[in-house]
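Listed after this line are the structures, all set down as structure tokens.
In what comes next, subunit A is part of two complexes: it sits with subunit B in the first one and with subunit C in the second one.
Let's turn to the complex of A and B:
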């Protein structure tokens, strides 16, 4: 049986970032990955027709400093998300045009939405992302869902509906599923709602020319043959000296383990001795978002000629949010659409043909008849992925942060935790994943140094 | 490798009841159990001092027909839960006496509580326990927590606090954790709130003389050597013809599988091919209640001499609910207490001595100085049990029933589901567990008959 200093479980951005930082310090690391590829919830495929399909996470923006630094370090390029022309809000049967992050086509609704964004962001900024449970109203905020907050507001119905769409787009989950405290923590971790939903100077500002998965591929090159693919971890035996990790391809021992996968999946590993009740209850009370992401490919980005940005939000249909997804090196017009939350789950129960037809009908309604005959249609249902079980991120159910939050990042003996779900800044984003991996590496390095294992 | 008709996973009341019904029909069954004992969340221990300790489920009452029938069939005895004398409500620093299920010591509060019980039960009776998602307001009721409902009521603060205590006692979970739709379904499944919290003619009416676990032990006798203990299931490979079940002690094939364990644990088994996204999302969104159950043993049931029943509810302390737990064959006075929900989780992080001292202090405050020097103290923290991960029952988080409910009982190919979490009647109770096992057996028998496997 092999013995190393540290085993990292999960070769997404979190696990690979952790491994990279440990290797820098001369630590002997092995990374175990359940899938046959690295990148976790980033997954870039160049299709036979040359179209670059970003099945997973894809955008970076300002203050995502760790993601941007990695892009620069690896000499990768970025390009700006197309946002010229008018955004559309399809609301109560009408197309309303607007510019910027918040719909302004209906002035009354716009006033409500600006109020709502300010209110949510102000509340969010009161949360300490290190310890949301310490907020004076933590228990109260955690005892209600985002839907409870929305429905108790004085805003007009169309504004409320748009906030619901925003919630589904951001997490993605129904507002009735998420703890308000969790939502506020999340908004805080991303620097406020407007920064998270916008394009210009915001979270959807840029894409990586070579695809988002390239970050993980470059990190994996550093890890080299210390990375073992198709090695799902079944069991971790651990004591105060170290751990033995049983996976599909064998067994390996280590002084420390970093589990860099979503909480719900971390809860499915068998631990011996078992996790404490409180740690296990935490993993039981986190669930993954639901999203089915589609790429629809046209000869040309016809919407641009109509003065449209391709960014649409809709209060009906299966696809309620779209963006222009063209690539600067390619001639095609590509729209990326999201079937999220409950609709994403409904979508996975349809046949491929049914789904494709519904998506195209939605795009025709949103962007015009030119959308009727795409060249190609690609899709990815993240809830069906055995080793993600959802996207973009795992969330806390009501009542969890306020009582079990302190167990989120606390190592259990020689086992440390990473993954974007543990991030304080840009939780749920690629940037948060990288930060969480770097934090876990630091935590492991400190504990190894304290033992005198590291010089 | 062995091949049988049906493998049942879990030797609690659900799994064993299923196995029994299958054996009756001449079906070849093997039951796999992760623990070294049967009974699941029932667990009766006779301590060295002769005290019978019911660490788990223990009460039966009217309309729990399947549990009562099994008791009769096995020739087991029952005795009536002691309920003579006054119940106590400790509220805002005062002891208030009452009789019956609902505190009446404070008349204003009593009026509110009667209103609340009627309101909750009336709402609950509108739910069809077969399909709570079909209620016309399902999405709305599911988008709020029980706490949201409580806090929006006009009731006085002490009434609201008592409803919160009731919620913690019944599930046990904080009212801010549970979907209101789930709570109403649960109340419906038990026939209304008052029936569920009361003693006389209610869910806490009787106990089983030989201990609640005896039901499972008797069922296990029928299963005989077809039961394999200490065999946690790791993976189920399945196709349209059958399944291969990998467990700690080997591998076994079957035409059908019944998974008779809580949802969250069913979600931790690896399936090949994996479960659909919607089924998996369901298991991600169910969590187990938190409870630490204590038995405190005295020379005599001193509270009876003071005209007290031993049943107390309290708005402070770690133990907020107690019952007289004396056994008719024994001279000792025993109090059973519950540290539930968040307090249960806090309790597991204390040392044994700290917990015992806190429990005794609580009992002194509630029952008097005579409680200060018990003969013995026994406890069980269900969240720390690897193969329960909580008690009494798994619950649905907000937003789950209304969208993912249809996947709860729907078989996936040759895999059928049981466990009290799937029960329509007395969900969360021993009776529900038995019913769920019997339902699953019927479902398997029908599917085998349709294939012509059974005559």
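Let's turn to the complex of A and C:
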């Protein structure tokens, strides 16, 4: 049986970032990855027709400093998300054009939305992302769902519907599934609602030219042969001296373990001795977002000729959010669409052909008849992925942050936790994943140093 | 927009800013939503001389504009004179992709957001 200093479980951005930092300090590391690839919830595929498909996370923006630093360090390029022309809001059967993050086609609705942005961001900035449970109103905010909050506001119905669509797109979860405390924590971690929903100067500002998964591939090159693919972890035996990790390809002993996978999946590993009741209750109350992401490919980006940016929000249909997904090195026009939250779950119960047909019908309604005959259609149902069970991010049910939150990041003996769900900044984003991995590596280094294992 | 780098004079910009303050103070949405907001803002046009102003919002109420940069700002706003004037005239969407790129702000995200909100309410005539 191999013995190393640290085993990292999960070769997404969190796990690989942790491994890299440990290797830098001369720590002997092995990374175990369940899939046959690295990248976790980033997954870039160049299809046979040359189309670059970003099945997973794809955007970076200002203040996502760790992701931007890695991009620079690895010599990767970025390009600006196309946002020229008008965005479209499809609301109550009408197409309303607007520019920027907030739809302005209906002034009353727009004023309500501005009000909501201010209200939510102001509340969010009162949350300490290190410890949301310590907010004086944490229990109250955590007992209230986002839907409760929306319903109680004096906004017009179309504004409320747009906020619901926004919620499904951002988390992606139904407004009735998450607590207001979780939403506020999430907004706080991303610097405010406006920064999270826009393109210019915002979270959707840029994409990585070589694809988002390239960050993980570059990190994996550093880890080299210390990475073992197709090795899902079954059981972790642990005591105060170290752990023995049982996986599909064998067994490894380590002084420390970093579990860098979503809480839901971390809860499916068998631990001996078992996790404490409170830690297990936490993982029981975590759930992954539901999303089915589609790429629809056309000869040309026809919407641009109509003065449209390709970014659409809709209050009906299966696809309620789209963006222009063209790649600067490619001639074809690509629209990326999201079937979020419950719509994503409904979509996975359709056949591939049924899904493709409803997606195309939605795009025809939103962008015009030119959307009728795409060259190609690609999709990824993240909820069907055995080693993600959803995307973009894991969340907690109402009442969980305020009662079990302190157990989210707290190491359990020699076992440390990482993953974007544990991030304090840009939680749920690629940047948050990197930060969480780096934080976990520091935590492990400190504990090894305290034991005298490291100088 | 200022694709051809149109300019307005410092006097025109000051007038636009004073009118903006008047509109902000009679905007029911701005007064209600920004009721608790206090902020000292320095505004500078970077393409014309002597176009620097201090704009103070005290508990949601906009105070008369001062010429020059006075006191320590909570927020600094810089841009081309025409882009700034377009926002103060209420002619341009302050959160449009163009303006988000053209106007540079320096300060806390919450203050930027509130200034955007105030300008949006005026743009929307709300």
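Rule of thumb we're sticking to: the second predicted complex is superposed on the first by the 455 of 455 C-alpha atoms of A that agree within 3 Å, B and C clash if a C-alpha of one lies under 4 Å from a C-alpha of the other, contacts with A are read in each partner's own complex, and residues count from 1 in each chain.
Criterion: a residue touches a chain if its C-beta (ideal position, glycine included) is under 8 Å from a C-beta of that chain, and two chains touch if they have at least 3 such contacts.
Note that this is a predicted model, so its numbers are computed, not measured.
Enquirer: I want to verify the contact counts: of subunit B and subunit C, which reaches more residues of subunit A?
Expert: Tallying touched residues of subunit A, the top partner is B.
Enquirer: Name the contact category of A:121: first (subunit B only), second (subunit C only), both, or neither.
Expert: second
Enquirer: Does the superposition put A:404 against subunit B (first), subunit C (second), both, or neither?
Expert: Only subunit B is touched by A:404; subunit C is not.
Enquirer: I'd like to know which partner A:184 touches here: subunit B for first, subunit C for second, both or neither.
Expert: neither
Enquirer: May I ask you to decide whether A:425 touches subunit B, subunit C, both, or neither, giving the answer as first, second, both or neither?
Expert: Neither subunit B nor subunit C is touched by A:425.
Enquirer: In the overlaid three-chain picture, which partner chain does A:176 touch, first (subunit B) or second (subunit C), both, or neither?
Expert: first
Enquirer: Looking at A:100, would you say it contacts subunit B, subunit C, both, or neither? Reply first, second, both or neither.
Expert: So A:100 only meets subunit C here.
Enquirer: For subunit A, which residues lie in the overlap of the subunit B contacts and the subunit C contacts?
Expert: Overlap of subunit B and subunit C footprints on subunit A: empty.
Enquirer: Quick check: in the complex, which residue numbers of subunit B touch subunit A?
Expert: Within the complex, subunit B contacts subunit A at residues 139, 142-145, 147-148, 151, 173-177, 232, 234, 264, 267-268, 270, 274, 276-278, 280-281, 284-288, 290, 342, 345, 348-349, 381-384, 386, 389-390, 397-400, 403-404.
Enquirer: Give every residue of subunit C touching subunit A within the complex, in rising order.
Expert: 29, 33-34, 93, 95-101, 109-110, 113-114, 116-117, 120-121, 123-126
Enquirer: How about subunit A: which of its residues touch subunit C in the complex?
Expert: These residues of subunit A touch subunit C: 83-84, 98-102, 104, 107-108, 110-111, 114-115, 117-119, 121-122, 125, 191-192, 194-195, 198-202, 309.
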